Each structure stands twice: as structure tokens, then as C-alpha cells.
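Here chain A shows up in two complexes: once beside chain B, once beside chain C.
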Partner chain A sequence: MNSSKRLSLIGAFLLILVAVPLFVKRNDILTWITFTLIYITLSQSWNIIGGYCGQQNLGHAAFFGIGALLTRYVWLAGVPLPAAMLLGALAACIFAIIIGFPAFRLKGVYFIIGTLVMAEILKMIFDTILPRANVLPSRMLGAYSLVPRYYLSLIIAVLTVTIVLWISRSKLGLGLLSIREDEDAAEALGVNTQKNKLVAFMISTFLAGLAGGVYAYYAVAAQPGYLFAAVWTFDAVIIVFVGGMGTIMGPIIGSVFFVLLKQLLSLYLPGGMHVLVFGILFIIVVLFFPGGLIGLIEKLRRTKEGGAAN
Partner chain B sequence: MAIELWSQTFVNGINIGALYALTAVGLSLTFGVMKILNVGHGEFLMLGGYLAYWLLTLFKVDPFLSLPLVFIALFFLGAIAYKLFFSVLSGYPEEQKVKNSLLVGFGLFLVIPQIARLLWTGDERGITPAYSGSSFPLLDVRIAYVPLGGVILAVIVIAALHLFLKKTYFGKAVRATSENWKGAKLTGINVDRTYLITFSLGTAIAGLGGVMVGLTQSISPDVGMEWTLKALIVLVLAGIGSIGGTLAAGLTLGILESVGAIFMGPYAVVLGLVIFLLILMFRPQGLFGKA
Partner chain C sequence: MILEVKSLKKAFGGIIAVNDLDMMIAEGEIIGLIGPNGSGKTTTFSLISGYLTPDNGRILYDGVDITGLKPNRICQLGIARTFQLTKPFTNMTALENLMVGRLYGGGASSMKKAAEECEEILDYVGLGGKGRLMANRLGVVDRKRLEIARALATKPKILLLDEMMSGLTPAEMDATLELVKEIHRSGITLIVVEHVIRAILQVSNRLFVLNYGKKIAEGDPTEVISDSKVVEAYLGN
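== the complex of A and B ==
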């Protein structure tokens, strides 16, 4: 596909997404798409540090939670939403800088475990400090409408995908890939691995904070501890792995697939069974198909083209 | 009064700490020998607890008598899990193996609770034989029979594992494999079989821990993560692969948490995790481990 054709395809797709609330009046469908868009933002943000840079951060929920909690409280205190979201995302980013220096001293598996534990600590603290759910005040509940939530999630998702696209084509992206493949070799070739990792971590957590902000605006009732729950991390991780690590389309396809499966399975089975399916897919991807769905599609297309050439 | 409170807190700490040690020792074994950090460890613990729950409610088997049955069942379950999911990784270079095994364990952590939810619903289950509440007085404190059984079990299992690794021929093979698997292979040790049995032993011991968790607390599909985290804290306290140190580290964590609960209330749970992070950053070989 040449680039102008691809651009017009993306444009048409975006137009459809913008027009959806004009035609679709069913709240459940709008909710699904909103959730898919939040998941795209969250998983793309994880994709930067986990997919491109190869640092599997299992504490992503911490940054989502910080963004969501701060946005929620500041916004309900009367600050305009965009400012509140920016504040929430910045707080997540600052927290990432604070823990980034010690965290990146941990290599490989210790980084994974360390970040997981860090998020669990925050969850436990917020479960204790703020045990009660934060419900929207009644004047806001009366005016609650999904449409602005939908558009906000769309804007943030498009912004996130654009940023990841930019990273993947920049020098930073190359640096991140080299760290993922072989950190010592990258260092030897003159890549400032610490700086690259930290910058990737900051961008990734800023976007996770924004995703949290969208959720804070969307949720009617929010349990503070839940905003830090490990499921946010785990959902993002399995979406990226199953979709395709370190690709643009992977997390997008993964998110769509994930939300669809969740809705379909919840019709027939007790909740959580989509995690069963995605968990199995996740294990298969880790063991046999490191490229995920995207890698699989690429492979199929290549064999087909190869067959045609013969 | 104050002394009674302190000694009771101490006893409670030992009770829970022994469970931590029992949970951690299996993880320590697999990570020390195979460099596989199985974050799904707690899931095998959960399955062991449910198995004992089934044996008690369906067949009236006493939980302490069901321990050998659970051990055998979880041994085979572990063997199957190893064959299906982890054996593929055994040939990878070390760093990649550790990372990928962690991700596979993470996959098990996602999948197994959902299966448990289908089998046993999401309700919390306790294993409650007739004697579960009874206790006897000793000096100033009351000692409950069930947790005491847990402490004895933990000591026996850890001592047995220690002797097994130090004194038997197979134990020697395990230690050789953990030091250098290529070298071990060259001397004629069946590395694949060693890995298989080591991993299965780890999950079998986790199953024993699960029975005790069901007896002293409760089992639900989602308890796995909590116990994996406890095991990880004990693991870094003890130093990786140190079987004897695991008992000391488990008891330390248990006592620390129950004493901490007096001063810090609900934040005491965070204490262990914070210690974990600090050790990881400043003393990765463990508090009791050699540099």
C-alpha cells in the first residue's frame, strides 16, 4: 500500500469514528468504543516502554492511577478538565522521574518485579487512605452524557498513537529498539541507554496518566484503590503482547479484540473469561509467536506473496 | 498485659511467617536451580488449597491427612505445566530465559484463577475441620493447634528439602545443574529430568502451603498474587536459592508484619513490600545471602 492511499484510509477511518455518536444512539455501543479507545491509549503508552524499549514495566497501573485520581479530584474541585488532566499526567510523569533512577538500576527480571511491587504498594496505601468510592456530585450526574466522554477518549487515543508513531520513526525509537535487543551492545555503540530509557519512561507514564484522566472523566463512581489495581497493567500488557509488541497497529487491534471478546463472553460466561482466553493467547505469543497477531498477519501475507511469486 | 500482647503478637508472627517460608521455599528452589521465576507460584498454592477443600467437603478427608495427596497431585500438575509451558525455554540464554519464564508465569497467573472461578466460583472458601478453632494455653499465650501444625509442617518440609539437596545423589545433581547446567550435562546428568522434578517439587510444596492457607485463612481464585508477592519478599530477604535462609527470612517477615501491625495498622502489609524494594536496590544478594 502506498503512503497516500494509506493516509486516505486512516482519514476515512477517523471520520467514521468522529461521526459515530451522530448515528449511534445506543449507550452500550458508545461505552464499548470509549473503552476500546481508553485501552488503545493505555496499551500504546505501555508499548513505548515495554514494547519498543523492552522494559516490561508491570507497575503501569500506578501511573494510570495517579493520573486518574489527581484529575478526578482537581476537576471536581472546579478546575477545567483539560488543566486537570494535564496536571494528572504531569504528576504521573514526575513520579516516573522519581522512581525512574532507582528503578532502572534494576535490570531485566528485577525491574519487572520491582515495578509490580511499587504499584501494589500504592494500591494498598490508597485503599487505606481513601477507602470510599468517589461518586460524581448529583448536579453532574443529571447532566452526564457519554458523547463528550467518547470524543475525549478519541482525541487522547489519536494523540497517543501519533506520539508513538513519531517515536517509532525518530532517533529515540531506534535507541529504544537497540536497548531492547542488547543493552550492553547499545551502550557500547554510544547510545545513552539511561537517558533513552528515562525519556521513554516519562512519555509512557505521561500518556498513561492521560488515559487515567479520561477514565476519571468517564467514571460515574471511582474507587481510588481500584484506579491503582494491577488489572490496568495486566490488561495493557496482554493487549500489547497479543496484538504485537513494538508495533503501531498491534495495540490497536489488540484493544479492539480485547473489548469485543470481553463483551461477547460476558453474555454467556461468568465475568473474567476474556482474561482466560487472552491469558492463553498471551502464553502462546510469549512461547511461539513473539510478533503477536500483527506478526502472524505479516507472516501470512509474506508466504502468500511468496507463493504468488512462484 | 503488655507482655501477653507482645508474646501473642510474636506467636502470631511465627505462625504466619512459617507459612511465608513454606510458600517461598518452592519458589526459591525453582528460581535458584532453573533461573525460572514463576510468578504463577501462588496459583499452584491456590489450587492446593482448593484440592484440600474438595477432599474435606466431598470425601471427609482430614486436611492434615490430605497433605500427601495434595503434594502428589500438585507434583503432577507442576510436571504437566513444566512440560507444556516452561520446557521450551530451557535452551534459551539465561537472561532471556529468566524474562520469558517470568512472562509465562504471568500468563499462568492470568489463566489459572479464571479456571478456578469456573470450578469453584469466586467465593472465599475456608477449610474448617472440627478442631479448627481449638487451642491450648502455654505460659501467657494461647497456641492454636492448626497454625502450630503449619509451623511444624514448614520446618519439616524445609529441613527435608535441605537434606534432600545436600545428602542424596539426586540432590547433588540438582545442585550441580543449578551451578552450571552445561557442565552438569557434560558429566552425564539428565538436565531435562532434573529441571522437571525440581519444578514439580516447587509446585508440590506450594500446594502444601495452600492447604495451610485454607486452614488458617481462606482460599479464593485471587489469593495467588498475594502469596507470590510474600514469597518474593522472603526470597530476596533470604538470598536467591538459599533454602535454609528461607525459614529465617519467612519468620522475620511474619514477626515484622505482626509487630508492625501494632504500630502501623493496615500499613504493616506495605512494610514487607517496601523492604523488598529497598533490598532489591541496595543488596540484591539478599540480607542473609553471601555477596
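== the complex of A and C ==
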């Protein structure tokens, strides 16, 4: 596919997404798409640090949570939503800088466990100090509409994908990939691995904070501790792995697939069973299809081309 | 002197890997660094390139003290290294492998410029036309070439080559030797660690011999190699 054809395809797709609320009046469908878009932002943000840079941060929920919580309280205190979201995302990013210096001294499994525990501690803290759900005040409840939530999630998802696309074609992107592939060799070629990891972490957590901000605006009632729950991390990780690590399309396809499957499974299976299915799916992908859905599509296309050539 | 190593020392626990090592290297030399297994050759490379910090001693590059700098900084200053076990970025293309070096170590101004210049380097080392291949699709010889090409992409003044000949057939060895001579002719100072003595005698103008981390001989390759201490270190007495 040449680039102008690809561009018009993307344009058409975006137009359809913009037009959806004009035609679709069913709240459940709007909710699904809104969630898919939030997941695209969240998984794409994890993709930067986990997929491109190879640092398996399992504390991603912390940054989603900080963004969500701060946005929620500041917005409900009367600050305009965009400013509140910016504040939430910046707070997530600043927390990442504080965490990043010690965390990147840890390698491999220690980094993974360290970040996971960090997020769990934050969850416990907020479960304790803010045990009660934060519900929208009644004047806002009366005027609640899904449509602005839908558009906000769309804007932030497009912004996020654009940023990741830019990274993947930049010097920074090559540097991140080289760190994922071999840190020693990257250093030998002049890559300041500590600095590049930190930059990736800052962009990743800023976007996770924005995803949190969208959720804060969307949720009618939000339990502060739940905003930090490990499920936000693992949903993002599963989406990136199943879709395709370190690719642009992977997390997008992964998010669509994830939300669709989750809806289908919750229709036919008893509550919570979808988690089991995703767990098994995750293991299968990691073991047999390390490239995820994107890798599988690429492979099929290549075999088809190879077959045609013969 | 482009590189001065002064009373360098590094110990791992009770084992002294490099002991009181002095080296003076002038611009344009090809230095051979030889010695039996475990004599401290690779440790010396790791000290010069910043992967290890010496317990004692100093390393001066062009008169500037670089002791204790990070590897990426030393690379940017102009000292590149290759690894004994090649470390290609396997899930990136050969060209991208080089571009990392050009952009971060060689100070290229743009992606486009880096790509063009790296294509030339690929041609130069004999990987022309393979730039779009994933590095994991390259064979042993090509991986060695990629390792050298990547180091060259950082625009080094000094290149440290660690065991480039291991695992190569005699014919491949000759081709690699030609490449090493070619790189030297382009004005890069080379320090070569090598097990294959025949290879090192062919290219180097001066030899350093290490044993148990100590320098036991230094000088003209053919003279050094017949030195009784060197023969003893390799064969025992």
C-alpha cells in the first residue's frame, strides 16, 4: 500500500469515527467504542516503555491512577477539564521521574516486581485514605451525556497514536529499540541508555495519565483505589502482547479485539470468567505467536506472496 | 599519543584481572593485544571502553582523562568497540543497526542523512544490498561484518576489535584481515585482541603480550613472539 492510499484510508476511518455519535444512539455501543479508545491510549502508552524500549513496567496503573484521581478532583473543584487533565498527566509524569531513577537501576525481573509493588502500595494507600467512591454531583448527573466522553476519548487516542507514530520514526525510536535488543551494545554505539529510558518513561506515563483523565471524565462513580488497580496494567499489557509489541497497529487491533471479546464473553460466560480466557490467550500468544496478531497477519501475507511467486 | 594507559588495575574479588598495565599508543598504529585465556585482554578492552571502572590507574585519550566515563560518552568521544560474542540488534534491520551508531555515536543530524551514510558503510564492509534484512537473518560472517560496520558508523578515531577471527574459515579470515587493513588505511587507530596468532602477525605493527593481567612483552611482533617469556606463557616450560 502506498502512503497516499494509506493516508486516505486513515482519513476515511477517522471520519467514520467522528460521525458515529450522529448515527449511533445506543448507549452500550457508544460505551464500548469509548472504552476501546481509552484502551488504545492506555495500551499504546505502555507500548512505548514496554514494547519499544523493552522495559516491562508492571506499575502502569499507578500513572493511570494518578492522572485519573487528580483530574477528577481538580475538575470537580471547578477547574476547566483540559487544564485538569494536563495537571493529572503532568503529575503522573513527575511521579515517573521520581520513580524512574531508582527503578531503572533494577534490571530484568527486579524491575518488573519493583514497579508492580509500587502500584499496589499506591492502591492500598488510596483504599485507606479515600475509601468511599467519588460520585458526580447531582447537577452533573442530570446533564450527563456519553457523546462528549466519546469525543474526548477519540481526541486523546488520536493524539497518542500520532505521538507513538512520531517516536517510531525518530532517532528516539531507534534508540529505544536498541535498548530493548541489547543494552550493552546500545551503550557501545553511543546511546545514553539511562536517559533514553527515562525519556520513554516520561512520555509513556504522561499519556497514561491522560488516559486516566479521560476515564475520570467518563466515570459516573469512581472508587479512588480502583483507579490504581492492577487490572489497568494487565489489560494494557495483554492488549499490547496480543496485538503486537513495538508496533503502531498492534495496540489498536489489540484494543478492538480485547473489548469485543470481553463483551462477547461476558454475555455467555458467568461473571469474571473472561479473565481466565484472556490469561490462557496471553500464554498462547507469548509461547507460539510472539509477534501477536500483527505478526500473524504479516506472516500470512508473506506466505501468500511467497505462494503466488512460486 | 592518542591513547595512554597508566598503571591500570582491576581485580574481581581475589583475582587480579589486569595488574599495573601501561600502554602508549600513537595515532595510526595497529596494536595487537595477545595472551593466553584469562590473561586480561577483554578486561582491558572493557576498562578502556568504560564498561568497567578501574580500581587504580588512568586512561588518557588525546591527553584528556576519560577514566570512569560511561561507555556511551567514550563512544561519542571517538573510541568504538566490538564484542567478542557479536551483539546484533536482532529484530532490527542491518541498516537500522548502523543508524543507531550514526545517530547517537556519530552525531548525524537527521534520519535521512544517517540512512544514506550507513548505506555507504554497509557497502564498504561488504554488506551492500543487505541493509533491509533483519539482523537475525544474517550468517556468522555477516554478523561479524555488521559488528564492525556498526562500530564504524560511530565515526571512531580508535577502534577496539575483540576476537574478530573466531569461528571463521581461513578464507573468511583473509577477507576480514583485508577489511581490517582497509580500515587502518582510512586513518583509524586499531587495537586488536586476537587468538589467531597468524592473523595478528600479519596486520599489527606492535604487540602487547599479557599473562595473568601483567604485560610480559611489548614491541615488534616477530621479535616478541619468539621471546622466551611469551613462548613459556603459551606453552608452559
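Please note the rule applied: the second predicted complex is superposed on the first by the 310 of 310 C-alpha atoms of A that agree within 3 Å, B and C clash if a C-alpha of one lies under 4 Å from a C-alpha of the other, contacts with A are read in each partner's own complex, and residues count from 1 in each chain.
Note that a residue touches a chain if its C-beta (ideal position, glycine included) is under 8 Å from a C-beta of that chain, and two chains touch if they have at least 3 such contacts.
Since the structure is predicted, the reported quantities are computational estimates derived from the model, not experimental observations.
S.K.: Could you check whether chain B and chain C clash or fit when both are placed on chain A?
M.R.: fit
S.K.: Counting residues of chain A touched by each partner, does chain B or chain C come out ahead?
M.R.: Looking at chain A, the partner in contact with more of its residues is B.
S.K.: In the superposed arrangement, which partner chain does A:G190 touch: chain B (first), chain C (second), both, or neither?
M.R.: A:G190: touches chain C, not chain B.
S.K.: Once chain A of both complexes is superposed, is A:V275 in touch with chain B (first), chain C (second), both, or neither?
M.R.: In the superposition, A:V275 touches chain B alone.
S.K.: In the overlay of the two complexes, what angle sits at the CA centre of chain A between those of chain B and chain C, given in steps of 10 degrees?
M.R.: Roughly 80 degrees separate the directions to chain B and chain C.
S.K.: Kindly classify A:L106 by the partners it touches after superposition: chain B alone (first), chain C alone (second), both, or neither?
M.R.: Touch status of A:L106: first partner only.
S.K.: Can you work out, in whole Å, how close the C-alpha atoms of chain B and chain C get once everything is superposed?
M.R.: Nearest C-alpha atoms of the two chains are 11 Å apart.
S.K.: Which residues form the common part of the chain A surface touched by chain B and by chain C?
M.R.: Touching chain B and chain C on chain A: no residues.
S.K.: Within their complex, state which residues of chain A touch chain B.
M.R.: 56, 58, 102, 105-106, 108-110, 112-114, 117-118, 120-121, 124-125, 128, 230, 234, 237-238, 241, 269-270, 272-273, 275-276, 278-280, 282-283, 286-288
S.K.: Which bits of chain B are touching chain A when the two form their complex?
M.R.: Per the touch definition, chain B meets chain A at residues 37, 39, 85, 88-89, 95, 98-100, 102-104, 106-108, 110-111, 113-115, 117-118, 121-122, 225, 229, 232, 265-267, 269-270, 273-274, 276-277, 280-281, 284.
S.K.: In the complex formed with chain A, which residues of chain C make contact?
M.R.: 49-51, 70-73, 75-76, 80-81, 83, 87-92, 96, 99-101, 103-106, 111, 150-151, 153-154
S.K.: State the interface residues of chain A toward chain C in the complex, per the touch definition above.
M.R.: It is residues 169-171, 174-175, 177-178, 181-182, 184-193 of chain A that touch chain C.
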